[in-house]
Each structure stands twice: as C-alpha cells, then as structure tokens.
Amino acid sequence: MKADPRDVLTGTYYIDGDIAIAYGALAAGCKFLGGYPITPSTAAAEAFARKAPQVGARFIQIEDELGAIASVLGASWAGQKSMTITSGPGYSLMMENIGLGAATETPFVIVNIQRGGPSTGVPTSTGQADMMQSKWGSNGDYEVIALAPDSPQEGFDFTVKAFNLAERYRVPVMLMADECVGHMTEKVVIPDASEIELETRRFYKGKKEEYKPFKRDKSLVPPMVKAGDGYKLYITGLSHDESGHPILDKKLLPDLDKAGVTNKKSTNRFLVEKIRKNRDEIIELREENLEDADVIVVSYGIISRVAYRAVDMARREGLKVGMLRLITVWPFPEDRIAELAKRIKGFVVTEINYGQIVFEVDRCSHGKTNIILVPHGGGSVHDPDDIYDAIKKTATEKKRYQGVLEYTTSLERSVFGGSMAEKYGK
Amino acid sequence: MKAVENIFLKGKHTLSGFEACAEGALSAGCRFLGYYPIRPSFEIIERFINRCSDVDGVFVQMEDEISALAAVLGASWTGRKSMTVTSGPGFSQMMEHVGLGVMLETPCVIIDVQRSGISEGLPNAVGGGDIMQARWGSHGDYEIIALAPNSPLEMFELTVRAFNFSERFRTPVVILSDVVIGRKKEEINIPDQKDIKIKKRKYYKGKKEDYLPFKYDEKDLIPPMVDIGQGCRFHVTGLTHDERGYPVMSDSCQEWNVHRLVNKIRLFSDQIIEVEEDQTEDADVVIVSYGATSLDAIKAVKQARDEGIKAGHLRLVTIWPFPEKRISELARKIDAFVVPEINYGQIFYEVERCSRGGAETLFVHHASSQVGQSADILKSIKKARGNNK
Amino acid sequence: MDKIIEALNKGIENAGVERRKVCLVTDIAYSPDVVDFLGIDLFHTSRGRAIPYATGMKLANPKLLPVVLIGDIATLGGNHFVHSCRRNMDIVVICVNDFVYREVAGETAPGDFSPISFSPYLSFEKPLNIPHMARSCGCVNVSRWTALHTDELANSISQALHRKGLSLIDVISSAPDLLEFYYKNSELRNDEDTLNVEIEKDRKIVVGNFFNEEKPSFIEAYNEQHTKILGDNFVKIEVE
Amino acid sequence: MKASEEEKKHPMENLLRMDRIPHIWCPGCGIGNAVSAFAEAIKKIEYDLDEICVVSGIGCTGRVAGYIKTDSFHTTHGRGIAYATGVKLGNPKMKVIVISGDGDLSAIGGNHLVHAARRNIDLTVICVNNFIYAMTGGQVAPTTPRTAFTTTSPFGNFESPINIPRLAEAAGAVYVARWTALHMRRLTDSIVEALNKPGFSFVEVIAPCAMYYSRTNRLGDGLNMMKFYYDNSVIKHGEPTENVDIGFQEEIVIGKFIDRERPTFSESLKSWQQENKTGKQGGID
C-alpha cells in the first residue's frame, strides 16, 4: 500500500532528527502518540503534537512513561498504528509493558533517543548504551527488532521502515537513535506519498467464530483483528494458548505441577521463533569494501559516520579496511559475522558504550579472529584517530587474543593517565 | 527486645529456600525491606516482616515496585543494609532504579524470584528468563553482580554473600532465585552468627569538611561511604558527576565516572566469580547450569557417567560477572557444552561466546514442566558426543 | 467476582449499547468464560496499567466503550487514576476494592484471613478513601456499591456507559464468604459527601450514588479547544 | 571603607553550596525565592544542619538539592518522595524535605505523593509550581491552566489542571499551604510550620517560568509574572481546597488550607508492632 498523501509532508526540509522522526511517523500513518517529555526526545513529540490535530492523529501527554507505553498498546489493539518516543530513563520505565506488548504480539514503535547513562547521566549528550537493554530489558524471553539511524534523513526513512516491520511481524520495533541524530539539523527530503511503501496490518478474513488470536500459519505471524469488532478477544499478558486464553489452573493455586504441565500449550516460544526464523528477511546491512578487507570496522548509528572517516584515513594509507554498518541491530546478523570472521584479521567494533554489541560480534566470530572494542562512555563521539589507530593495530597484529581487547582511547589516557586495565593487572 | 545473640537461628533447622533467604538477610545485617507484594516472592517478605521487629528492622509496603526500590536506595544511605524482594514483572519496573543504584553506588540487594514466561507469564511456575535482564535491563553502561542459589542452604549463604558483595563493591546485587529452590524444604545447618563473615561497609574516616562522596580509593576503585546525618553534608546525583558528587556534563567526566563504575567490577571479577565443578577434569561434555536446572544437570551427569559417557558439570554460582576465563579454558579441552535453561537461550549465548569456537555449544530448552526431569539434557549430551565422534 | 461480571452484563444489557463495542480492560485474570458470557473483548494488561491502556484504545478508536475493571487502582495504578479523573477521560472505571476490614459496624467478619497477605495495605495503615480521591482529582461521577448490590451496580454501569467523561464505580468486594457480611453492613446514602464515606472500623460501609455533575469530557474539551484555534483545519474526534 | 571578610560572605553561606554558584536557573525564575524562603526557615527552626536531608527529583526545581549544603540527593524523575520515605524510615532522626517541581511531584510522582500522604510519613514536601515542564523545554504539565499554550499543547491546553493542595488533602496530608514566590515572609513562616509539624506536610509555591511559560503565553518577564501572581492572589486561610483551582491568569487563592493531627507512619507501625507482640492482632504467624 502507498502512503496517504494527507499524512505525508512532501518537500525538502532543514530539520533535526527528532522532527524528521515525527514526520516519518505521520507519513507511515501513525495515528496515536502517547508520550512523556524527556530530553532529548521532546522535539519529536512537539512536532507530532503540532501536526496531529490536522491529520486526524491523536497526541496525548500521559502522566508518566509507564502510562505512555500502556496507552500505545491499547491504541494499537484499537486498530491504529501507534508509537511512543522516549529516552534512557523513560525507556527503563517502559520495560514491563514492552514485555506485555511482545507477549500479546502488539505492533508498535518505540523511538529511543539514547543519551549518556546510566541513570540520569548526561541528558543533553549522546550515548549508545541501551542496545542490550532493548533486547533483554524485560523479564522473560522475547525478541525485538531494533534499527539504528545515523542521520535525520534516516530518522525519517527508518521510522517508516520501523512501522512496516512492526506491522509485518507484530512485534515491538525500537528505533534506537541517539542524541546526536535527534538534535542534528540536516537536509531531509520527504518524498511524494506515492513513493512511500507502507505495510498494512494483516487482518483476519475468515469466519468470526473460528478466529483465534494466536493461531498462526507458516509465517509464524498470526493475523490480527481490531477491538470492538465482535471477535470476543481475550488478550492477556499471562502465558496463553492459541485462543489467547490464559493457561492457569482456575484457583491460581501455587501448584507447580499443574502450572508446569499446562505451559506446554503456551505460545511463548513463537515470540522468539517468529523473529529468529525470519531473520534473513529482516536484517539489513550496509557493507563497503568488504571483499578484500583484512580489518572490518563494525558500527551502527551516529558512530558509523565517525568510523567512515577513520576507514577513509586508513584506506588512504593503503590498509585494507572494510566497513560493516548495522542497520538492524536486532536481530543480530550472526551468519554474516561468522562468515566474515573466517577470513579477516580482526573486527574493530566502535560504539558509545563500554561493550555491548561487541560481545555479540565476539560470540558470532567463534574465536576465528581478533576483536577490538573502541569504547566511549558517551557525552561525545569518538575521536576518529582512535578508531584509525585501532584499525592499524589490528591490521599489523600477529597475536591472537582471547576475548575482546579493549582499546585504550585517548580519552581514557587523558582521564586516568593510562590504561585502567593495565594499571590493575589485566 | 530479645538479646541479640538469641535472635538469629543457629544449628539444624528445616527451612524452605524462601525462609532461609529471609534468615540469611537478617544474619547479614539487613534491617530494611521495601517491597510491593507479587507472587511468588511473598513468602520471603512474610518471614522477614515477622522476624524484623526482633532486630529493630523496618519494613514498608510501597505503592509499587518503582518506589519500593527507591525507598531501599534511600534507606541504604542511612547506613541500614537494605533489600527488596520481587518477581519478574516487578523486576522490570525496578529497572530505572537499578541504574540509580549503580550510579550512586548504593549497596543494596534485590531478590528476584523468577517466574515463567514473558510479561505476567505463569505466576506460579518456575522460570529462568530474567538472567540477561539482570545484567542489561537498565539503560546505560554498568556492571552488576548476580548470584544463583540452588538449595535452601545456598539461599541462606548467598543472601549473606550478596550483602557482603554489595557492601564491598558498593553496587546493587541481584539474587536470581526461583520457586523450585524457594519452596524446597530441607534441613539445613545454620552456622553460628559469629562464624558468619560479614563484610562491613567501608566508611570514610577523614575530616567531615573534606569528604568527597565519589573520591575513590586507587586500590580498589571504590569510594568510601558515609551515612546520612553524620554531618558530612554531601550531595549526590544520578546525573554524571565528579568526585564532589556535583553534575558535570562533559565526556571526560562521563569517562571518569562510568568507566570506573564498569571497571570496579570488571577488573576485580576474580574476587567475585565462583563456580562449582564436578568431574570436569576428564570430561568430554560439560553441562553449564545454574539455579533450578542444576538439580537436573546433576542427575543427567550421573546417568551419563553410568552409561560410560564422560560428562561433567559446571554450575554457575555467580552468574554475573560471567566466568569467561574458566569457560574459555574448558572449551579448549572438551568437545561440547550443553546448556539447559528455563528460557529460550540466555546464558547459552554467553557460553557460546566464551567458548570461542573451541567447543560446540548445545542449548536445551527446559520448560518449567520439565524441572525435575533430566531426559532432555541426557539426550543432548549424547547428541553432543555423537557430533564429535 | 462473578457478581460483578453479572452486574456488568446486566448493565450493558440495560444500557442498550452495541455489545461488541464494549471492551473490558482489566489487570485481573478472569476465566475465559467471562468473554463468552459477556460477548465482549477482554484485555488483561500488566498490573495497574489498565487505565492508560483504555485511554489509548478510546483515543485511537473513539467508538469503543472501554470499561476498566481494576483491582490495583489505588496502588500501582494510582497515578493513572488521578490523572484520568483530572482529564475526565471518556472511560468507565470499576474499582474492585478488596481490602479487608475485620470489623465493620462493630461486627467481626467471619472466617480466618491474614491481613498482611491479602490486603493492598498493611493493616496499620489508613486505607485510601477512593471515592473522595476521585472527587478531589476532578471526577464528576462517583458511586459505590458492594458486589451484592447487583441491580444498583448494573444501573450505575449502564448510566456510566451513556455518559461522556469518566465514571468511577467503587465496588466493595473480597472473598466470597465476606460479601454477605459487607452487604449486610452497608448503608445506602445517595448524594453523601465523599468526605464521609471512608471505610473505617466499627462503621457501616456507605454506598450510593455520591456525585453526578456535568463537566466537559476529554474528547469534548479536545474538540472544542482545537476547533477554536484551528477551525476547519482540525480533524475532529468523532464519537458517534 | 573596605568590607570585612565577614561582610563579603553570603548570609546563607553555611547553608548553600557556594562552590556551585552561579546556579542554573534563568533570570526571573521563582525557584530562587523558594530556596531562600526554605533557607530562612531552616535558620529559624534552629535544627542541627547535619540532621537535615534534602531530596529532589528531576527538573528545574529538582536541582535545588544540589545547592543546599545538607545531605542532599538528586534522584530519578518523580521518585523523590519514595526515596525520601526510605531515608526517613531508615533513620527517623533525620528531618527529610522533598523539594521538587509540579511535573515531578504531581505527574510522574503523583502516586508517591498520594501514598506518602496517606501513610503520613513524616516528610515536608515543597512543590514549586510553574505550570510547565521547563527543564525539557516547555511541555504541558498536569498543572498547566486551561487554554494556556505550551509546546505540546500548541493549540491551547484543553485538559483540566490538577489541584495539588486538594489532592494532598484528600490523600491525608496534615498540613497544606500555598503561597506565591513573592510572599516571602509568609512562605518562610509556612515552611517553618510545616517543618515543625509531625507527619506529611505540603507547601506549594506558585512561581513564574520566565523562559517557557511566559514566552509561549506572552506574559512578560519573570518579575512581571511574579508581580502579577502577587497582585492577583487572595489570602484565605482555611479555605476548602476544592475552591483553590487555578485558571489561566486568574485569581489565585493562597494561604494555609489544612492543619490537622493524625498519627504518623512510625507511630502507627510502633503501636501495631506492640499489639502484634502481645498477640492481640491475629492472622500472621
């Protein structure tokens, strides 16, 4: 389906990433935003609030983030595309209901404009330390999709993509932007509505009496219905069977055997399988110069723009460096990393944290190559010289490391007067 | 009020894991409990409440889990050892304050009685799906300590140890327990109170006016603490702060602050990590397990050995920090790891990572209904051996 | 609990609204039979978040009639309750008020129960006067019944379904063996000042329609304000 | 004549973190008034400064804790009261004060306000109400009067604002008062009373936000707004809190609304534990 021209603000703009994301949501047909103000994501909610009443979309500022996410889930079941926008601490508050969303297979989008953490951290500066949280932050097992834009233009494009993925797989999709992208003002081109392809929700078409909310076909994604259409839905966050009914002994007795035996009927495992099995369709990567590369820089989001410069510097020196940029961070491109690991000297992973995605790279390379992490605590982005240095080191290294090697950045040297790890005998 | 020495249990007692946990907390010196009731963790709370007036403890039932952990953090700064008790969904709500606890370096203990499944799941069934959440659940970078007991006695001992770790490293410590261990009743031998090692909080000893809340000790990267009301009149904030505790919004301050927070655990992980190994010296296949699944793993190892398969068992007592080195070491010697978990793969990924291609890693999904059964694990052991022969 | 569902069924019937448009949003697990019995959709959300969940539903599809049936209104969901009352959100909230008082009107309740385990409050704390709280947050339609006041409760529900804005119905309910006890010890006082309806030891439980006033609902206020400023550019929220 | 060292000193130097001055607040902001009223009040009650603890949440007012030289905590958004509850119960000797903004206390922290008041925890809460989220750039708050413009109510606020004194009273606070930022003397006296009162006491301070609230609504600079609030307020002690709603640029009712007695949380807990020990209270074993 094409986008509705009324929702698309076609034109060329000079706007920041937050606003681009809001416009992307409108273009994708998002009709509900439940939000709570938090730096640095507020500009997105403000932009949405300005446009919403004119296109029949609703904006509500709820009393807290827990309420915001809950209202988004409700709106999605009422049949509208819905989203929320937040940042680190708010994201943490949403964790319980992200779990509910995943368990009830509710399509929705969360935009997380990441900032330096933990806790309140540095609200007005960048960070990328919520990556693992987006996959593991709620209790129990589930899988999500996470995308990482690196510019306001991608903020727009990926928001549309996020809605499409959410509708196709009935899963929470996280748009993991960061403060830099959110507050960076750049040219954003919003195409004509006819050029924006939208995924529509797959609604159930069969007989009413036969509908089961969690009965699935080969794609593992069950078709959906709207609340209020007379399907007698029972949607619960408790473990449920195909028909959505909770699997519980009626009196809720603390009886392990009973509860245990019944959980065989549970549809929980599909929550992970529907993503894991469709992984190849979901994953998108940007690869450059990988064919002849000895060293591959792995990055995502804003930091890939810094990494490009370092790669450029190294290439000019004649080092064979490739660049692998993760567009979808979750699910993780396991196979591609494993394949590459077999033939290169090392991965250089750059991210604005002290090691999150690097552990995934480490896992997927099965000990076949060296892994170097160029960490950064947040507050600013890497110095490209650090990345360049790490690339050079990896290209010339003969030794095989055990585990992830943490590169000592110039920032660490200047703050601690050297490498902390060396100082404490590691 | 009873004389202090008579308050603590000692000698042989038949206790459930939950009761042992509450006793452990009392013995460790826990004097504050902030909670919100959630199945199936309530038994710990009940035991603690009934015992705590004997020791001048305080408990408060807050309006939700968010405030429960907030109150615990506040109470910890008054010098009382504090804890909260919760379960899956409640733990999810606490995530923001786990981050605050880390940032303000507040010692406290969170007891998470895992239940099955995502969201509300199966409230009464055993689960193991919060393992990664304990490590990664809050935003931003941090390291955490998490322990997984597998018997009522360990519920006691590890609760004590959790308090010790939290005081030693000034960080929230999570106990990842479950109902199988919690409801199991056993006769356990509780040591005399004076034989239980209690780690004292590292207090600041200098002049009051010179106190800087985050001026850390070069030796162990931990800043000494003071209590509220001692007259040091300090300020602390969840914002990125310098050693005075004042917010400073710069990348070098962030580096100074957060890199240390991560490294105060990462670089000293040897002092924390504990694993229990059984017959791993000559093993071809090693089962890596923790908590409830370890009981089945023990059975499976025995069965496998009976059939002449060289199986071994490595039980994670400390889950976080992960015993990376030991797994890597083993991976080079053995053919395969088998990781049974009551989830769809969490610690499995860590084992796979740390084995670095040295050994095959097999995952066994252990449904909560399968707790107490070792057949699937045994099957995987055989499969692992088959693959490598 | 069955009593409340029964009353709800009756209420929907009496209201004469299209049954399938009613959505029950709860944070308490019910048996799936309830859905078949009522013929409506049921959403069991996470603890305490039923009200914002229903808010989202109503705004995304204003034709729906969300009924929130919630137990944790005063604890986990307290904040959502406060602010929904303030907004006068277009939903019906039925609060299943199940704190246990052993002594009402000087009578001691039958049966054995533990005040710690099952009460949302510790027994030494003052419980919240929910109708009064609602009132002071700006809610304009407040009533209270015990679970056995089936007809009155059904009336309140059907009236609430027709109203715009938030209606709060406080239902005193608990273990089945206590329902009779509460019913017996309740006293009907319509239009009573909510200040005086606190549930206290040795006092009868006051029930009745306490308050019913007109005030623009969220959707009405939304439409009005935006039409004023935006005129024809504004896409109204159409309820009917 | 040169000023002596003593004269050069700020009169509140022992109470303020002089090393953090200048503060982050904008010119014309009312938070400073609230802080100095609080400082005056602390001076008046002559309480040991070492036994005072200030907790605040997030927001402009949330930064107050950072400028007051007592044990002070800047915690997470909305959870100041919950944190303070832990501090008070952990060390009952402390005088614990929560100073935070309207968004922090009444929006995200609304539930904690309600329940701390219900429990009657011995806290003093000072809420600086500027009708807007200022730290994040001027979003609509639950206290924003109807028809006022903010960045997330670009076409005028249509929600009814919350009446925080009424909420606090209904929940069970024992002391509730409201003043504007220019009623310095009365505000100070009120804070003194609140501090001396056992149980949950609540003081609301109506303050201008010269940066966002005034700009989006064209209300002039901070002083104009402060003057406006001062001139348009009427003191009505003991006024029923249901009559103290605030409309956009309308009259504001101020004064001491509630002053009553109720057993505090610690007292109830103690008597419950006493009863419990003598076996009067059954049910738990």
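In order of appearance the chains are A, B, C and D, and numbering begins at 1 in each one.
To be clear about the criterion, contacts are C-beta pairs under 8 Å (C-beta built on N, C-alpha and C of every residue); 3 or more make two chains touch, one makes a residue touch a chain.
What you see is a predicted model; the values in this text were computed from it and never measured.
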item	value
Partner chains shared by chain A and chain B (touch criterion as defined above)	C, D
Chain C and chain D, separation of their C-alpha mean positions in angstrom	31
Computed distance of Cα centres, chain C from chain A, in Å	37
Separation of chain B from chain C, taking each centre as the mean of its C-alpha atoms, in whole Å	40
Touching two or more other chains - residues of chain A	53, 63-64, 66, 89, 96, 99-100, 119-120, 236-238, 248, 252
Residues of chain B engaged with two or more neighbouring chains	46, 49, 63-64, 66, 89, 96, 100, 104, 119-120, 237-239
Shared interface positions of chain D, touching two or more other chains	74, 76, 107-108, 110-111, 114-115, 142, 155, 265, 269, 284
Chain contact graph, described as a line, ring, star, complete graph or other shape	complete
Chain D residues within the chain A interface of the complex	58, 74, 76-78, 103, 107-108, 110, 133, 135-137, 139-140, 142, 151-155
Parts of chain D lying in touch with chain B, wherever the complex brings them together	17, 19-20, 49-51, 53, 55, 65-66, 69-76, 79, 81-91, 93-94, 111-112, 114-115, 265, 269, 273, 276-277, 284-285
Chain C - residues contacting chain B, complex	29, 44, 46-48, 74-76, 78, 116-117, 121-122
Chain A - residues contacting chain B, complex	66, 88-89, 91-93, 95-96, 99-100, 102-104, 114, 116-125, 127, 129-130, 132-133, 135-142, 236-239, 247-248, 252-257, 259-264, 266, 268-269, 271-272, 353-354, 356, 359, 362-363, 366-368, 375-380, 402-403, 411-412, 414-416, 420-421, 424, 426
Touch list for chain A against partner chain C, complex	31-32, 34, 53-56, 58, 60, 62-64, 66-68, 70-80, 82, 96-97, 99-100, 226-238, 243, 245-246, 248, 250, 252
